[in-house]
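By letter and in written order, the chains are A, B, C and D; residue numbering begins at 1 in each of them.
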């Protein structure tokens, strides 16, 4: 598992440190970035995407000659799916002098390290996490969240659906009984209601139906949904739960009952698992859909590298977002020539560049990501080899839906 | 109402399929096998490799499941030979930790072999839609699971209580020393039951495959519920486990009808209540 | 006066009635033996007296007090002591600590704990008493040995010391010589005789203590050598109760033991 | 005869005895632990501090297991209760009374353990007790996850480390090393109490109960009360450890009440040595070393942990402490024979 290149790099770094006096090493010494993500337990699949994205970013940057001639070295640590593990990893790397970090997957693990950023004088990119706490009550200046806040991506989602399908006025929602998913259904509902009200319409948003997290059988909740009389469905289950849900729903012919079905954020994971038994049509938000990104060489290069690495033309959106986290750091280091937080923070606040996911920019007040939003519609296709295809994609500016900035305070 | 309980019964029988092997191994070795969920998952992965995305017919599914069960059963014998049999004379809690370690190894091996991605296998043709019974729509795969649960129960109950090999196993479970005295080969009987228990885990994995999503977390989904089932029923008691699975289904149904805001919580409450009312399980603890 | 009174004790397990209205009185200071064929209900009666299982009907009185529903540890505190057919001692503790624990439990129950609250070691009186008891059962040399490492006979002796540490007024012994060689049996009989005697006369009983022994036993020679009165049970009923000589000559008893030649001979022995 | 035997024993007694060697080792370990802040970076220091807390928590669990013979699978719940009490109190601004908060955490753990024990111990034992406690802690985890005021599944974060106010002096625990030393001192106090309890009359009573519960009743021990007492003490230790842990990690989440936390003491105890007072602590540190040494081998954590566990269990059935003692005994005997 320890691949050779990684090992060699580690050895030379150690030898270099031992042999050469400090001033001689200035140019060749790599820029070290610590990546803390979930690489064991149930969240491992997302951590794996994040690791892939970061590694590809590092490879791509180093292939171009690094940043100002210095290569980037990625040091990966497993947070063991716990705040404890994240803390151990963070303190180890920070104690070792690492000043640049990327951290991702579960909110609680990120919340554990946030209080330590300032005292360790590090700059951290948070990968993907949508929780509001990070940019509000737990805001810290040394952190940039390259992830989509719930009001932004799901408020935008509701807005888009209300705009495109004004005829659908009765919505059902489903979510796991996990509190963080409540933020998502709330945001979708708010976005939908706001748009409908602006158009002078009324929508009926039913109370979300709750299903057990990591459950085995969802048929009762499926029948509740199919008997709800709603025309639109917003499904806020995640991973295996979502796929099991769609799968068990097939015998109820759920996709015939709804005029419009929206998945929250599972995007092509659903299609890849269901194959030719995919539903007829399903919307989903995605953080990165390379096929939709026109005139984006960064995205193209990343996609090509990913296909070469994993032999999979449909990377998960985490790959793109993770790539952009590293790219953000590299961009700022390139422009300032420094890795110190004091120099990097203002640079990242000010910069705007094209990453794989589109324009990468952060709101100055709370370091919330203010990039583009992408939604795709995909479904069953007889003609496609995979049994499904993506029918359309929509991109819009996320900044319009970003919630008010209240750094240091909870959003009311 | 009826619909709710039929669906909950599907869940109950699915859990019973997993719990059957668990209660068997408890009956003879007095251990809670933490690795059971992982081997259940292995059975599902093996079956999916055998049949691809979709089984040709119900018999293909059953056949592939049995084959996977066989493979997992053989693996069970390997575990018994190299791990469990070495720990027979030490504190029983070592066995518990050993099964925990085996679970970690099994999950790790599954991740390395099949990766982390989600996979899905469809029900065989004919079982993918539904039928109407008493004016209620019932998915046909639900009926298949309920049927499979009842069939496995009947077979096991017959084997344990009526057949020669079952009685032999019971004799060993009751008193290893006595069965040795009777000239019965004790270790052979133990191996038989351990193999059967693991094979049942693999079989359950295969049969439930079209109902679930394949991912390395599949084992966790069922393990705790299966534990609860065999504890409510009375450890090592196959009839108890069957009844407990039905009780579990009723509790789950009530949960959905009356407490939809807290899915899955009543099961814990029910289990705590059951344990306090019947401290040794509904039918009492049994050595098979 | 009677120290234990059994009044119409009935005990059943499900539909099977194991004891049918047993009546008996045990006098203070006597050795009272319960005999009978296997399945006669001796052990069950024993358990009802000690509190391991509760009678369905009838009363058990100890020293005039109704103890029918009392849990075992309270009966022990009230003055009962019990040994088991296969000696049960505390394996994780040393021989000395076995006895010390029993003495401490007794003192605690009486509210006379004499070690300082912070002390880890037993108090000097406790230690001396424990060593005295171990010497009494000829185990002093093995005081520091782990109970698990003791031989079968030593465990039996240790168990007796542990039981005596509770200063029982009634000592209940379930098959004290089970599985022993004739030599060992003689030793045990000797030990029981010593237990009955007060310390001042070279025995093991504390001064002023009047010990009563209730025992079940298969070996008739042991019984005839020790017992003052015998109760004979068969199929859950009391079929005879009286002094040793009466029992020997009781035709009913002979009938019960008829067909079991060895027992028959033992009765005649 | 016995006196001559004793004489021979004393003559054979080697210069190095097992207790002597082990006490020296414990002293050395204590010194190393105290010097830790000067020896390592903050990452390893955090890990060692956490391991100390978990070690103390596991010793408390083992008091219940190896002394009273009760295997609880829900001790994580008690740990979580202590941690949440401490986190909530500090966030509410009572941090100058931190010592009281720790006591409150211990009290809360003890109280809950007592309630569980009063209901459960009379009725269930063995594996049923294990599963019952497991379900109760799962129930607690669900409740914490659904309680908005306790942060739902993200838990309570940003817990500041307190400044202890002891009347005249104030001790600043806000920095890593000072809080680490606070952990060391608290660990020493709790371990001392546990050692005292397990090696005195109470410990002897519990050992008797564990080995033969019926027989223990027959020497007049109130079996139920002894076990309840052990459960309460173990709960207090778990709650106390949780309360100390919260400001160290600076975050508490419902996962503290999950299976992982509850099975940790079991793993540590079996690894370190059953029926050994220091076993769980040794197990905790060995586990820490294994995890730390394999931290760069990401993605195959299950296989590494599983393989090592299995190897240890099959090779050292007496646990590390037991095998170590056996080894020392062999070595010292051999020396003596020469």
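We take it that a residue touches a chain if its C-beta (ideal position, glycine included) is under 8 Å from a C-beta of that chain, and two chains touch if they have at least 3 such contacts.
The structure displayed is predicted, hence computed values, not measured ones.
Of all chains in the assembly, none touches chain C and also chain D. Averaging the CA coordinates per chain and comparing them to the mean over all protein CA atoms picks out D as nearest. Farthest from chain C in terms of Cα centroid separation is A.
Distance between chain B and chain D, defined via averaged C-alpha coordinates, is recorded as 34 Å.
Chain B and chain C, compared by their mean Cα positions, are separated by 49 Å.
Remark: chain A and chain C have CA centroids separated by 75 Å (rounded to whole angstrom).
We define each chain's centre as the mean of its Cα atoms; on that basis chain A and chain B are separated by 37 Å. Among the residues of chain D, those in touch with two or more other chains are 146, 299-302. Multi-chain contact residues of chain A (touching two or more other chains): 44, 48, 177. Residues of chain B in contact with at least two other chains: 111, 262, 264. If touching chains are joined by edges, the resulting network of the protein chains shown has some other shape, matching none of path, cycle, star or complete graph.
The list of touching chain pairs reads A-B, A-D, B-D, C-D.
Contact residues of chain D toward chain A in the complex are 40-47, 50, 145-146, 148, 152-155, 157-158, 249-251, 253, 255, 260, 295-302. The touching residues of chain A, counted against chain B in their complex, run 42, 44-45, 48, 177, 209-217, 219-221, 223-224, 239-241, 243-244, 247-248, 250-253, 269, 272-277. The touching residues of chain C, when paired with chain D in their complex, are 50, 52, 71-73, 76-77, 81-82, 84, 88-93, 97-98, 100-102, 104-106, 108-109, 113, 115, 118-120, 122, 140-141, 162-163, 165-166.
Residues of chain D that touch chain C in their complex: 1-2, 5, 196, 199-201, 204-205, 207-208, 210-212, 214-223, 275.
Taken in their complex, chain D has these residues touching chain B: 71, 119-120, 123-124, 127-128, 130-132, 134-136, 138-139, 142, 146, 263, 266-267, 270, 274, 299-303, 305-307, 309-310, 313-314, 317.
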